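Input: structures, listed below.
Next, two complexes with chain A in common: one pairs it with chain B, the other with chain C.
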Partner chain A sequence: MLDNLPVIIVVSLLMTGFLAPLFVGKFRRTTQVVAGMLTLAAAGASAVLLYRALNTGPVYTALGGWEAPWGIEVVVTPLSAFIMLVLTTIVSLVMFYMPHEQEDWPNQKVGWYITLVLLLTAALLGLTMSNDLFNMYVFLEVSALASFGIVAAKKDRNAGDAALKYLVLATIGSGFVLFAIGITYAVTGYLNLGFASQALAEGQFHPIITWIIATFFLVGFGIKAGLFPLHVWLPDAHSSAPTSASALLSGVVVKVYAVVMARVFFGLFGGAGLEALGISSLIRIAASLSILAGSAFALVQTDIKRMLAYSTVAQVGYIFLGFGLGGVYGVAAALYHVFIHGLMKSTLFLSSGKVVELRGGSRDISGFNGVGKLLPIPMAAFTLAALSMVGLPILAGFATKWYLFDAGLSAGIYWVPVVVIISSLLNAAYFLPIVWRVWFGETEAHEVSNRRVPGLIPLALILAVVGLIPGPILRVLEEAAVWLIS
Partner chain B sequence: MVDKLIGNYPYLIAALIFAVGCYTVLSHSNLMRKVIGINVMETAVFLFFVASGNVLGGQPPIIDLNNSDVIYVNPLPSALILTGIVVSVSVTALALGLVVRIHRQFGTIDADEITEIRSNDNA
Partner chain C sequence: MNMLIILAIVIPILGGLAVWLPGLRKHPFVPPLISAIIVAAAVAAMRIGSGFGQISTWWEVAPGLSLAFRVDHAAWLFAMLAAGLWVPATAYANSYMAHHPHKLQRFFMFYTLSLTATMGIALSANFFTLYLFYEMLTFVTWPLVIHNETAKAKRAGSMYLVYSLAGAAVVLAAMVVTWATAGTLDFAPGGLLGAETSVTVIRLLIGMLVVGFGVKAAVMPLHTWLPTAMAAPTPVSALLHAVAVVNAGCFGLLRTFYSVVGPEALERAGFSTGLLALASITIVLASIIALRQDHLKRRLAYSTVSQLGYITLGIFSGHPGLLLGSLMHFVNHGLMKITLFFCAGSIITDTGIEHISEMDGIGRKMPWVMGAFAVASMGMVGVIPINGFQSKWFLFQGALEAARPEVIIVLLASALLNAFYFFPIVAGAFFRGERTEWKAEGLSSGLIWPLVLTAALCIVFGLLPALLYPYVNETVLSLMN
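Entry: the complex of A and B
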């Protein structure tokens, strides 16, 4: 039973996803709740898998009874289990927010939207646990198609344009990934990560071949994860989508691609191999540019959702920087940031979605003036997440910076701490003025009919608790990092 | 070296078509051409996969029990590419759907004009 649990999670989400449009007409509320409960159950199952993977080693499943390299192998290491847990937790909390957003949507649209979100979740879960390169490609494409759908869900014309831009660039990315998979298969004869990596190590191939494979993967996943300078689609797509879709896309989707890239890289070449190929330093440079350029672009935005989207470019940079530094601390920092950035960004998007709603759809930052008095609880969550982004001590964002500092110094790369400090200052420069506006800005008295933002309080609570006691999670992540590196 | 390159010409051609497709997507502002460029690019990857499964002098992979020293071509890449084609068709369908929607909402399918319209909207 436990061996099949990973597959059951993915399959049940897929099947329910396609059933949602059938039932939404008669049982709208029930469909929404069932979808939310199902992702919550998936989070529970991921927690079981994480516990099991930490205590008795990875859970292997050979699909259809065909052992690797012939069949598709599903492996849940502590790393994949952790990412699955983060993903399903955030998706389920956003799912509980969705009915609030969908109040004036027609039934049909609600049904298909649930389908797309569940499809996206299932595909990302499959992507994290699969150990077979071609299987990864298929899940990559399923998740991409679902993301295009939720970006285009709004009726206004910018959404359509943003979705097509995203589609074109993401498909170029998939082309590069598939080409890299093709070259890997052509030279090694395997699609299974473990076998392919062994064949690559024993084959004594010309370094140019391994280098081409690695760069193609880097370009492909870099586009999908919004790594600078391949991020051009991201601000448009993440800001034009409905609030819940922005929270999901910025909060979890881009990060899963970054983690999958790390799995492929460490799985195929190993940390030392990456360093020897020069790919690690390439990732570090691109990541640092992401951090600086993303923050700088965020600074000049006046549209809150675009600002948060540019901030995602910067924050994804932290994750890539952690992977580029390698070592237990670097990888643990990256994984920890995947977790807390997921919480912070979805908190920020959900709470600012409420402000946009209050201001009648205007996304200008001036709309935040004085909303602290009108919406005290959502804005408290917003403040917590914003300050945590800046990385103040005792808030969740601090530990990432601390670990990156450590990893940078111990790897002897002294500009990494400098980049981290500059980025914290830039973060402060664009988040603190908004926090100031929220609590001390002036606004005319305004009747607020509905103060609730479902799903927001749990997100903020988890964020606060993690900030106070990050120790246990970091221990787990250091163990997960060992699995990735070795 | 040159012999090897010429002998492996399908790979070279695949790389060339891939570059052509990529260039088409990035250089044209007409959305339809972008969609066509994506398809050209993906076709190049499919060509690469199928070519990598070919074995010189290989027979179709239908096992002949009486004759054990026949060389077969590798059927796996072709099977994988069937999936790839399905994916490519669905992406194209979605892309065309979005192009229709954009044409309806903006009255044009030229990316530059759309950018202009959007910046006028914001101003």
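Entry: the complex of A and C
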């Protein structure tokens, strides 16, 4: 039973996803709740898998009884279990927010939206746990199409354009990944990560071949994860999507691609191999540019959602930087940031979505003036997440910085602390003025009929607790990092 | 001891939040005043209670980074000065703000939260805790600087924020360097850097600390935010200049120089001459600039920059004699400068005068205020028997012991300049005829007694050196290990 649990999670999400449009007409509320409960159950199952993986080692499943390298192998290491847990937790909390957003949507649209979100979740879960390159590619495509769908769900011109731009670039990204997979298969004869890696190590190939494989993977996943300078689609897509879609895309989706890339890289080449190929330093440079450029672009935005989207580009940079530095601390920093950035960004998108709603759809930053008095609890959550983004101590963001410092200095790369510190100053420069507007700006008295933002309070609470005591999570992640590196 | 520390850190947070209670809408100063009194009592009790020097760890924030507090000699000196002055400062702020009512709840909330940040800095037992509260201090004093919300105040606020955040970022970098070289962040007498640490690393660390904490300690050329921050309400200026912010910068330097870098490494770095020159330039140059200011608060601000030079001079020197004088001045300057700012605030409230050229004859209208001003100015120049004399006396002695005649010249020059920019104000106020028509409605007692109290303390500390000297001497011994 437990061995099949990973597969059961994915399959049940896929199946329910397709059933949603059938039932949404008559049982709209029930469908929404069932979808939310299902993702919550998936989170519970991921927690079980994480516990199991930490205590008794990874959970292997050979699909259809076909052993690797012929069949598709599913492996849940502590690393994949943790990412699954983060993914399903955030998705389920956003799911509980969705009915609030969908009040005036037609039934049919609600149904298909749920389908797409569940499909996306299933695809990302599959992507995380698969140990087979071609299987990964399939899930990569499924997730790209599902993301395209939820971006386009908002029927306005901007969303349509952004979705199309996203689709084109995501397809190019998948093309790069497919090409890399193709070369890997051609030279090694395997699609299974473990076997392919062994064949690569033993095969004495010309370094240019391994280098081409690595760079194609890097470009492909880089586009999908919004790594600078391949991020151009991200701000448009993430800002024009509906609030829940922005929270999901910025909060979890792009990060899963980063983690999958790290799994492929460490799985195929190993940390030392990456360093020798020069890929690690390439990742570090691209990540640093992402961090600095993303923050710099965010600084000049006047549209709150675009600002948050650019901030995602910068924050994904932190994750890539952690992977690029390698070592237990670097990888643990990256994984920890996947988690807390998911919490922070979803909190920021959900709470600013409420402000946009309050201001009749205007996304200008001036709309934040004085909203602290109108929406005290959502704005307290916003403030917490914003200050945490800056990385102030005893808030969640600080531990990432600290681990990156440690990883940078122990790897002898002394500019890492400088980049991280400059980035937190830039974060302060664009988040603090908004926080000031929220609490001390002037606004006309405004009647707020509904102050609730479902799902926001749990997100903010988890964020606050993690900030105060990140120790236990970091220790789990250090263990997960060991699994990735070795 | 742990209980007292919890009181000192937590009570101001509760007091700050309590101003929003519906029943206190008309009297938002009550919780801040009560918390200031409780904190002052708690800090005073720390001296009596046992457990001086014991570390109380609250919790581990991340592996290797814990929130920990400890009362030792230097910590108690700063905590007592700040908490003690906070009580009259809060009372004064209440009377002052009654004449300038604007967002009082917000004002008093941040006013009181600043007390937590200051106590946290004073009582921190490791670099992380110090950094945490140093960062917090910026965030809770910034709303006070831009309190009036005029364009000028907002500019000053942005400048303050940029300087302070950049400074804190450098402090963070220094913390990373410390962690990477020493492997621990817990303050220890004698420093954390081993004998094998290379001179380059020590120099880098010292440079970062001077820049990081020097921003708040207003070491030239990082001082520009301080005169600009005069746009804040006067009680805030008093707080920034005399009690909390600038002293936090000096204390940060003191702590990190002697408990992180350590006197030995300090000597090995061979920076002392350069750093002394920096402090000396700050002292003389700021005094010269102060001479040219006609705006009273700005003149006081430059005087602060100059006087902080005395304090940083002693810290930079690494010499016990100069350090003794500088710590005496740490306390004495606080007392004198808070008096001067209280006076400036009372003058502004009663007559609306902000410029020195309009202050002729004002002494006869408000004898208490200008009397206190005269006492504090004499202290600044170093006239017996005001407390400022003692700081200078010990600094002179220290300079002689350290065989640094150039420091003596700087001190003499500064005393002369101080006389030039303070005495004309006092002389004009008392002996010149009134040149300007002003409306003086008479001051409420709340704008008089705090400044009379602090001026009286200046005299008491001047007459009774035994109140301060033995304790400061012990502090220096414990710091120099």
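Methods note: the second predicted complex is superposed on the first by the 486 of 486 C-alpha atoms of A that agree within 3 Å, B and C clash if a C-alpha of one lies under 4 Å from a C-alpha of the other, contacts with A are read in each partner's own complex, and residues count from 1 in each chain.
Note that in this section a residue touches a chain if its C-beta (ideal position, glycine included) is under 8 Å from a C-beta of that chain, and two chains touch if they have at least 3 such contacts.
Since the structure is predicted, the reported quantities are computational estimates derived from the model, not experimental observations.
Visitor: Does the superposition put A:G182 against chain B (first), chain C (second), both, or neither?
Guide: first
Visitor: On the A-aligned overlay, A:F148 touches which partner chain: chain B = first, chain C = second, or both, or neither?
Guide: It touches chain B, and chain C stays clear.
Visitor: What is the contact status of A:F205 with respect to chain B (first) and chain C (second): first, second, both, or neither?
Guide: Touch status of A:F205: no partner.
Visitor: Which partner chains sit in contact with A:F440 here, chain B, chain C, both or neither? Use first/second/both/neither.
Guide: Once the two structures are laid over each other on A, A:F440 reaches chain C alone.
Visitor: Touching A:I172, do we find chain B (first), chain C (second), both, or neither?
Guide: The first partner, chain B, only.
Visitor: Given the touch rule stated above, what does A:L425 touch, chain B (first), chain C (second), both, or neither?
Guide: Second partner only.
Visitor: Please indicate which partner A:F405 is in contact with in the superposed arrangement: first for chain B, second for chain C, both, or neither.
Guide: After superposition on chain A, A:F405 lies in contact with chain C alone.
Visitor: Tell me which partner A:Y60 touches in the superposition: chain B (first), chain C (second), both or neither.
Guide: neither
Visitor: Once bound in the complex, which stretches of chain B touch chain A?
Guide: 18, 21-22, 25, 31, 34-35, 38, 41-42, 45, 48-49, 52, 77, 80, 83-84, 87, 90-91, 94-95, 98-99, 101-102, 105-106, 114, 118, 121
Visitor: For a test of understanding, state which residues of chain A touch chain B in their complex under the given definition.
Guide: 134, 137-138, 141, 144-145, 148-149, 152, 157-158, 160-161, 163-164, 167-168, 171-172, 175, 178-179, 182-183, 185-186
Visitor: Spell out the part of chain C that touches chain A in their complex, as residue ranges.
Guide: Going by the criterion above, the answer is residues 59-63, 65, 67, 106, 128, 131-132, 135, 139, 143, 161, 165-166, 169, 172-173, 176, 179-180.
Visitor: Under the stated contact criterion, what part of chain A meets chain C in this complex?
Guide: So the residues of chain A touching chain C come out as 392-394, 398-399, 402-403, 405-406, 409-410, 417-418, 421-422, 424-425, 428, 432, 440, 468-471, 474-475.
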